[in-house]
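Can you read through this structure? Questions will come right after.
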Amino acid sequence: MTLDAKIPSGPIEQAWDKARFDMKLVNPANKRKHSLIVVGSGLAGASAAASLGELGYQVKCFCFQDSPRRAHSIAAQGGINAAKNYPNDGESIYRLFYDTVKGGDFRAREGNIYRLAQISVDIIDQCVAQGVPFAREYGGALTNRSFGGAQVSRTFYARGQTGQQLLLGAYQALERQVHAGTVTMVPRTEMLDLIVIDGKARGIVTRNLVTGTLAVHLADAVILASGGYGNVYYLSTNAKGSNVTATWRAYKRGALFANPCFTQIHPTCIPVSGDYQSKLTLMSESLRNDGRIWVPLKKGDQRPPNEIPESERDYYLERRYPSFGNLVPRDVASRNAKAVCDEGRGVGKTGLGVYLDFSDAINRLGEKTIRERYGNLFDMYQRITDENPYKVPMRIYPAIHYTMGGLWVDYHLQSTIPGLFVLGEANFSDHGANRLGASALMQGLSDGYFVIPYTIGNYLATNKFPKVDKSHTEVQSAVSAVKQKTDKLLSIKGKRTVDSFHRELGKLVWDYCGMARTAEGLELAIGKIRSLREEFWQNVTVPGSGDDLNQSLEKAGRVADFFELAELMCIDARERNESCGGHFREEYQTPEGEAQRDDDNYSYVAAWGYNGPDRPPQLTKEPLEFHYVHPSQRSYK
Amino acid sequence: MSTTVSAAALGPQRNRVVTFWQSTNGKKVVMAITGAMMFLFVVGHLLGNLQVFEGPEKINAYGHFLHSIGELLWIVRLTLILAIVLHITATIQLALRNKRARPIGYSRKQAINSSYASRTMYWSGPIVLAFIIFHLLQFTAGYIHPESRFIEGDVYHNLVSGFQVWWVSAWYIFAITLLGFHLRHGLWSMFQSVGFAHTRHTPTLKSAALLIAVVIVLGYISIPISILLGIVK
Amino acid sequence: MKLTLKIWRQRTNRDKGAFVSYTVDDVDPEMSMLECLDVLNESLIERGDEPVAFEHDCREGICGSCGFMINGVAHGPERATTVCQLTMRHFKDGEELVIEPWRARAFFPIKDLIVDRRALDHIIQAGGYISVSTGQAPDGNAILVGKDIADQAMDAAACIGCGACVAACPNASAALFTGAKIAHLSVLPQGKPERDRRALGMVAQMNAEEFGNCTSIGECTGVCPKEIPLEVIATMNRDYLRASWTRREDQNETILPFTEWSTGSKLQSDPTSRD
C-alpha cells in the first residue's frame, strides 16, 4: 500500500488555493440531500457540524456527554495561536509555519502545516465575530502573549479559559443550526463501530448511554472528531471520558493509525497525591515565565523548601540550559524533571515533584503583579493542594497531556477509508512528534471551520451514494459485533474492577512508553500488556446490565480498546529507532542527553494497519519531504 | 429529541401585551410597577397617619379632606385596587409555577446567600393582604371594631379606641413588620425586575431598601405603640 | 478519616428513589469529593453492587458535568468550587454528608445523582448565539471592544452550564444561567444587532421549560462555581423589557420542553428505530 497525501503540487503558498479551486462543488440545492455524521462536539466536531449545517447539509452530531458544550476542549487554558502579527513583532504565516515544522521535530507534513498557518488568521476573526471575549488592550484591540517559549507574541487568549470560550463559540454556532433544523444533536450517545459498505464509510453503530439501546445511523460520509487518547495512561490531564474507542474501531475497520507513540508530556501539572488519584490537573505553562524550577542538591532532603538555603538548591534547568533556562520546550523540561526525581531528589510526599518557585519574582515584581498575572492559577493550586503558592513554592510534575498520533489522513483530512474524515486531535496530521503550545485549538478549529467544508464537498460531488438499508449484512454484522462485545463484558463477572485494570495498564504505559523509552523496556511492556489484557477478559467485573445507564460498562469498553492501543503504541515506539520530539528513546541521545533524530532512516510517518487479532499490524510508511524548512538539530543551550 | 414549534404552529400572532403578561419576566415587571405604586401609597398613608400625633383636629381634618375630594379619591382607590389585583394575580400565578417547578423537594436544604425576607415573600405578601382586608373592615367600613363604637368621620377616636385593644395593636405590629420584610426585599428586587442593576449600585440599593423598610415599620408601629402606652389618648 | 455518605439512589427514572447510607473509612483529606465517591464505588463493585452513578468529565471545574447537593448546598460548602474540585479536607472526621441530585421539574432524573439538563441547551438554541456563519467575519480588530466591556462579557461568559443555580434556587429558576448568556452577548458590539431577538427567544424558551421564575433571592449566585453576578438577571430583564415593547413583528419560536423522559416512557426500544 502506498499512501497518497494528496498535497497539491506547486508553491506551498498557493497550494490551498489551488486545491480549493480543483475541488468539485456540491450544487446548493443538492446539499440538503446529503447526510453527514459528525462524531464529537469538541472544537473540531462542533465547528465542523455547525459549518456544514450552515452550508445546508443534513448533519447528525454525537457526543457522549450530556451536552456538546462539555467536550474536553473546554478545559484548554492557555490560548490559541494565529499569525495575525498584531503586535508587529515579526510574526508571519511563514514564521508560524516554520516554528510548527521545527517544533514538531520534522515529523509532520509541510503542506498541511502551511495551510494551518494560513487559516489561523481566519479563525480569530470568526471567533471574535461569534462573541468570544478574547483579552483586549485598553484601546479595544486584541492583545497577545508569548506562549511556550515562542519568540513572538502570537497567542490569543480569554483569561485562563481560552478553550472554554472557543468551544462555547462553536457550541453556540452548533446550537443555532440545531434550532435551524440542519443539525440534529445526539448527546449521551457513544459511537461503538463504523459501518463500511463497498469500501466506503457509510454509518456508525451507537449505544444510547441512558437506555443502553444500540442504534444504527447511516449517512453519506462520517467525520470523526473524537479527540485524543491520552487516557491510555490512566492518569492524564484529559477529561475522564476521553477515549480512543471511535478511532480505534475505525482502525479495526481498515483505517490506518499513524504515529501512535507520539505523545506529549506537559511539564507543569500538580503532582499525584495518592493512589485514589483520578486525574492530573494542568497548571498553565505560562507559569514558567516567572517561576524558577529547582530541587534540593542532596538526595532525600526532607526539609521544607523555605529552610533549604540557596546554596543547597539546584536550579537544574538554568544550570543546564543557560540561554533558555526555565523556558525550554515541554519535552526537555519534562525529561529533566523525571531525571532529577529518578536521582532521588524529587520533592513532596511521593518524591515525584519539583519546585516551581515564585519568591524571586514576587520580590522583584511584587505580589500584586504576580497575582494579576496568575491569580486564578494560584487559587486553583491552593484549592487543590491547600498550600499557598505565594508563600511556599508550588510542586509540579510532568503528566501526559496530548497525543500527536491518530488516524492517518491526507491533505483532505480523509482517512484511508473513503468517506471517513478525521479532524482535531483524533487525526495525526499537523504536529509531528511534538505539538507547540496553543496549536491544538488552532488545528481543531481550522479543520472544522475551514478545511472540512471544502474537502467533504469534493468527496460528495465526486462519488455516488446508493441507498443502504439497515438490513444490509454489513450493518447487521456491525450491530451484532457490538452487542457481542457488550454482552461479553457483562458476562465475565470476575473479581477486578475496570479501574484497577486501567490503572495498572496506565502505569505500564507510563513506565515503558512515557517520557523515556528503550527497546528492551518496550519489548517487556508488550508482553505485560498482553497478559494483563488476557486477565482483563477473564477477570474483569462489570456490574449492572446493558439496558440502562451503566458507567462501568462504558469504561470497560473504553479500557478494552486502550489495551489494544497500548500495544500498538509500544510497537510503534520500538520500531522508531531514533528520538524525536516527545518520543525519547534512551539509546538515541546526544552526548548532552538531548534527543537524537535519525533523518536518514526515520523521516516518515508510521501508519499502522489492522491485520486481525492474531497477526501483527502492518506498517506503511509515508515519507516526509522538506522543501522549505530544512531539518536541523534543536538546541536550547 | 426536542421539537421545534414554528411561529405558524402557534397560531395567529399574539398581541404583545398578552405575550408580555404571559412571560414570567413580564409578570415580574408588572409586580414591580404595581408594587412601586402600592409603596407610594404606603408612604403617603404613613405621612397622613402620623398626623395623629398632632391631635384630633389635624387628623380628622385630613380625613375630611380626603373624603371631600370625591372623584379623585375614587381614581386613586381604583388605581390601587387594580394594582393590588394585578400584583396578587401575578403572585398567585408565579407561586403556582414555582411550586410546580420543584415537584420533589430536598431532604435537606441550606440557604447560604439570601435574606430571610427574600425567601418569605410568598408568606409576607398574603399576610399583608389579610391585614389590609382586616384594616379596611376596621377603619374604612367599621365592621370590625372590638370593644368600642366606630364613629364615621372621627378618625382620631376610631384609631385610639381601636388600638387600645392590645391584640389589635399586636396584630398591626406583626403585620406591619411583615410589610417591612416585604419591602426590604421588594424595594430592591423591583429594580432587578425592570432591569436596572449594576454591581456598583446593588449594595446601595439593598441598604436603601433596608433603611426605608425600617423607617416605614417604625413610623407605622409608633402609632399603636403610643396609643397602647397612653402617649396618645 | 471516616465519613458517612447518605446518598440518593434511584435506578432509573421509573423507579422510586431512596437514601442509602455508606461509610467510607479511608478518606484522605487531599482527595476530591468525586475521588471519594470513586473509592466508595470501587468497594461497591468489589462487593458486586452497582456503583453510584454521578456525572463528571474534566474534574477541573470547567466542563460543568458534575454537581450534586451536599448537606443542602449545591456543589458543597466551598464557594466558587465545583464538587470535582472540592477536597475532603473541608469535612470533619465522622461527619455525615447528605448527597442528593439537583431537583427541578426541568431536570428530569436519570439515575442516582444524574439528571437531564438538556433544557439548558434548549435555552441556548433559542437565541444564545450571534448569527454569523463561518466565513462571514470581518477582521478581528475591525470592531474595537474596550477592555472593560471585554472583561464584563468574560465575567458572564464564564458560566459552565452546571445547573447549580437552578438546583439552589428556591423557585428552581434558570434566570442566572439565561441571564449569563444574554449578558455576555448583549454587552459586546458584535452581539448588539440581535439583542432584542435573542432576549425574546431565550426568555420564551426559559419560560417554556418548566423552570420557576426569579424573585431575586440570590442563592444561585452564592453557589455558582463561577460566581456569576445577579446583575446578569437584571440585564436579561432589561433586554427583554426593551425588546417586548420595541419589536412588533416576529414571534420567536420555542422548542417544546417535552422530552421523552418526562413521560417516563422508555426511549427507542427498537435498536434500529432511530437514525
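By letter and in written order, the chains are A, B and C; residue numbering begins at 1 in each of them.
Operating definition for what follows: a residue touches a chain if its C-beta (ideal position, glycine included) is under 8 Å from a C-beta of that chain, and two chains touch if they have at least 3 such contacts.
Predicted model, so just to flag it, every value in this text is computed and none were measured.
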item	value
Chain centroid nearest the full-protein CA centroid	C
Of A-C and B-C, pair with higher C-beta contact tally	A-C
Chain centre separation (chain A, chain B; CA means) in Å	60
Length of the line joining the C-alpha centres of chain B and chain C, rounded to whole Å	34
Inter-chain centre distance, chain A versus chain C - centres from mean C-alpha coordinates, in Å	27
For chain A, residues that touch 2 or more chains besides their own	179, 185
Interface hub residues of chain C, defined as touching at least two other chains	118, 125, 253, 255
Residue list for chain B, restricted to those that touch at least two other chains	4
Residues of chain B touching chain C in the complex	2-7, 10, 13-14, 16, 19-20, 22-29, 94, 97-98, 100-115, 118-119, 121, 185, 188-189, 191-199, 202
Contacting residues of chain C [partner chain B, same complex]	19, 69, 71-73, 98, 100, 103-106, 118, 122, 125, 170-173, 203-204, 207, 210-219, 221-223, 229-231, 233-242, 244-245, 248, 250-259
List of chain A residues in touch with chain C within their complex	47, 50-51, 54, 65-72, 74-75, 84, 86, 122, 124-131, 133-142, 158-159, 161, 164-165, 168, 171-173, 175-176, 178-179, 185, 187, 208, 210-211, 213-218, 239-241, 273-274, 276-279, 281-282, 380, 383-386, 449-450, 453, 470, 479, 495, 497, 499-500, 541, 543-544, 548-549, 551-552
Contact footprint of chain A on chain C as seen in their complex	11-12, 28, 30-32, 34-36, 38-39, 42, 44-46, 48-51, 53, 55-65, 78, 81, 85, 87, 89, 110-111, 114, 116-118, 120-121, 124-126, 128-141, 143-147, 150-151, 153-154, 157-158, 160-161, 184-185, 188, 190-191, 253, 255, 266-275
